[in-house]
Amino acid sequence: MENRKNQTRTKETSRVEAFSDGVFAIAITLLVLELIQTLHAQPGERLLKKCLEHWESFVAYTIGFITLLICWINHHVAFEYIRKVNTTFMWINGFLLFVVTLTPFPTAVLAEYLGKESRTALAIFGVNYILIAIAADAICTYAYNHHLIDEEHREYYYSYKLIYRYAIFFNVIAFLLCFVSIVIPIILYSILFVFFAAPKEFSSRLHKRRINKKNARKNK
Amino acid sequence: MENRKNQTRTKETSRVEAFSDGVFAIAITLLVLELIQTLHAQPGERLLKKCLEHWESFVAYTIGFITLLICWINHHVAFEYIRKVNTTFMWINGFLLFVVTLTPFPTAVLAEYLGKESRTALAIFGVNYILIAIAADAICTYAYNHHLIDEEHREYYYSYKLIYRYAIFFNVIAFLLCFVSIVIPIILYSILFVFFAAPKEFSSRLHKRRINKKNARKNK
Amino acid sequence: MENRKNQTRTKETSRVEAFSDGVFAIAITLLVLELIQTLHAQPGERLLKKCLEHWESFVAYTIGFITLLICWINHHVAFEYIRKVNTTFMWINGFLLFVVTLTPFPTAVLAEYLGKESRTALAIFGVNYILIAIAADAICTYAYNHHLIDEEHREYYYSYKLIYRYAIFFNVIAFLLCFVSIVIPIILYSILFVFFAAPKEFSSRLHKRRINKKNARKNK
Amino acid sequence: MENRKNQTRTKETSRVEAFSDGVFAIAITLLVLELIQTLHAQPGERLLKKCLEHWESFVAYTIGFITLLICWINHHVAFEYIRKVNTTFMWINGFLLFVVTLTPFPTAVLAEYLGKESRTALAIFGVNYILIAIAADAICTYAYNHHLIDEEHREYYYSYKLIYRYAIFFNVIAFLLCFVSIVIPIILYSILFVFFAAPKEFSSRLHKRRINKKNARKNK
């Protein structure tokens, strides 16, 4: 049984996963080009001084990398239960990839403008996060509604897809706060990072709470 | 039976698909480098103003991304029925990959010249589309004629490959109209995008019409 | 039997092939960056004039692309018969990948210097070809001598590996002729392209001749 | 039995391996962009003179390539015995990929500053090596402690993971020596290259010595 399912999955979703993996891998590696760019900026300067002066580039690089790695981990988990793909689903996944390939741009914006126009730079990065959350929500909701997922894990997948719905609201709030503060959105984004670093553990906890609530209601 | 076919496919076409997927994934991700380039253009300017002034870059990026995503989806569908490869087929596929890797160039042309020399920029992008259509037609026609495809779906594949033959003519017309207008070719390319966004659905409809016509002729 | 062999191959060589495919795919796609570079060269110029003036870039791009595609096709054929890998083999394959990743450099040299210092530019590209031929010969000879290949096709593989030995000598001659002429090495490289575009067909013909000679000798 | 294990591996670790392979392949291929950069530096100069003057770029390219190839070979061997992955493990692997994608930066530093500030450039590259060794040690130790590896090879894997623990100390010493000498760290890094070029052979020898010592102690 397990074997049969695995085979089906290989056939239908493998090329979409391979293509997505490729896009993720390249986007995450291209970030370094922006870092190398800083080396060529002022040729006369001393190496260590130059590296220290461009600390925003290193911060932006790290943020961009963690963002894309979290995206990939979540994509990996979401696809674990997906058994079939269709044209609409490929376009929704394509929208996610669009935002993923775009990510080096707000990362470069951060590197260049974190010191100068920090609020605008952070807000542009925030738009990116909202788009990622919308894409992730769309992927999971579509797969759930159109029965592309493993029927066995349907109940769990419902809880799983909820976390991306929450993420949209969370990101919109963080984005709006970029215009009044710098510290608060940074704290909010850090909380987001921690939760979505382990989407499986996060959604499992949510799932248990939902099941418990249901049972409590039944028992009443 | 299904299993056996799947195995054969894994063995013969998988490396061609993996290599093609890699090329598609990289070409689609490299587009962002052109976008980042605009950030370094005039260092003194304010961030938002710079982003708004370079709107052509964002438009070009989106067009380039959708073009390559449509290409990949069509490549994916075309290869679903292909069971064998030979040296000639690899060269035809190589020609498609040549046009795919080239695509970031007309995209950069669009970004740079859409505001200044819109007709020439659009015409260069149009040449790219003609080449893609020719390559897609060549892949499907060769696979069909040399029996590289699944014999079961031969009848359907005939209808499928027809859509790329039509696409060549459509693209040549759109290209020629670039020299007299800007709005008409943009409308034509948008129609093209809609149809080839879902090549399976498009060709299935065509296939049904062909079957119906055939039956009608028989009944006469 | 066929099935068992296929499985073995999947396990031992698949990750080497996947990594190599990735390197080939990226190297072949990075070539376009050099082409885009020409767009940013003289900002004031008209689009078509700029494209025509930089014809060397387009020629270099095409040569670079065909070179890497031929490399990939040959790598694909060579690995078709390889069943096992070991550390030494991975380093020999690593040397080939080193030359492959280097290829965008001589391509950029061609683009920049084909009009100015054509002989030196061609000679640098020639060094690249010699290195590729040495790497291809080393891969096949090592796989043959250390029994990493399918024992069934051992006889044929001997003929196959011969073509890369010949290629080394051919490339050294073409390289030396770069210092006295421009036309002759271009003709020689074109011949090389034609033969190695279809390595399977080329080596099969060679194999038949070898078998015929053997039989003729026996019959004497 | 063998077959069953192979299947399990395919399912659980394949996407992590595919993503890692992609990142390695791209990082190793991006190195050439730094090399091409030197071509555009002083446009007026003669080709051969320019290549000879920028010898540091070629040295840095070769060092960067060998570094990443060694990393990949070691990653390949470490994953050969890993059967399961979990979220924490994906983050540890993510940290390795972070250092891998970063590697083109210290390589570019080497290319630019090897002639001018050799000690600082070497020390920055040294930090990279320390981070790689820490990441490799973390991957193997975590996989060993949390039983993600094949139980059969547990004893051997213990010896295998030891080599990365040693590598950390070795790299810290080499890094510190960068501040007093240039020749000594280069010799130390060359020794490192030789040992980690064949991690399987290196750890097997270590394993045998450990087993022999154990037996000797028993016999006492």
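For clarity, chains are labelled A, B, C and D in written order, and residue numbers in each chain start from 1.
Note that a residue touches a chain if its C-beta (ideal position, glycine included) is under 8 Å from a C-beta of that chain, and two chains touch if they have at least 3 such contacts.
Note that the structure is a prediction, hence the values are computed from the model and not measured.
Enquirer: Do chain A and chain D face each other with the same patch, meaning over half of the contact numbers show up on both, or with different patches?
Expert: different
Enquirer: Quick one: superpose chain A on chain B by CA and send over the rotation angle as a multiple of 5°.
Expert: A turn of 90 degrees brings the C-alpha atoms of chain A onto chain B.
Enquirer: Using Cα averages as centroids, what's the distance between chain C and chain D in whole Å?
Expert: Those two chain centres are 27 Å apart.
Enquirer: Scan chain C for residues touching two or more other chains and write them down.
Expert: Expected reply: 18, 22, 25-26, 30, 33.
Enquirer: Could you please specify the touching residues of chain A with respect to chain B in the complex?
Expert: Residue positions touching the partner: 7, 10-11, 15-16, 18-19, 22-23, 25-27, 30, 33-34, 37, 87, 90-91, 94, 97-98, 101-102, 104-105, 108-109, 112-113, 116-117, 120-121, 124.
Enquirer: Touching residues of chain B toward chain A in the complex: what are they?
Expert: 3, 6, 17-18, 21-22, 24-26, 28-33, 35-36, 39-40, 46-48, 51, 61-62, 65, 69, 72-73, 76, 197-198, 200-201
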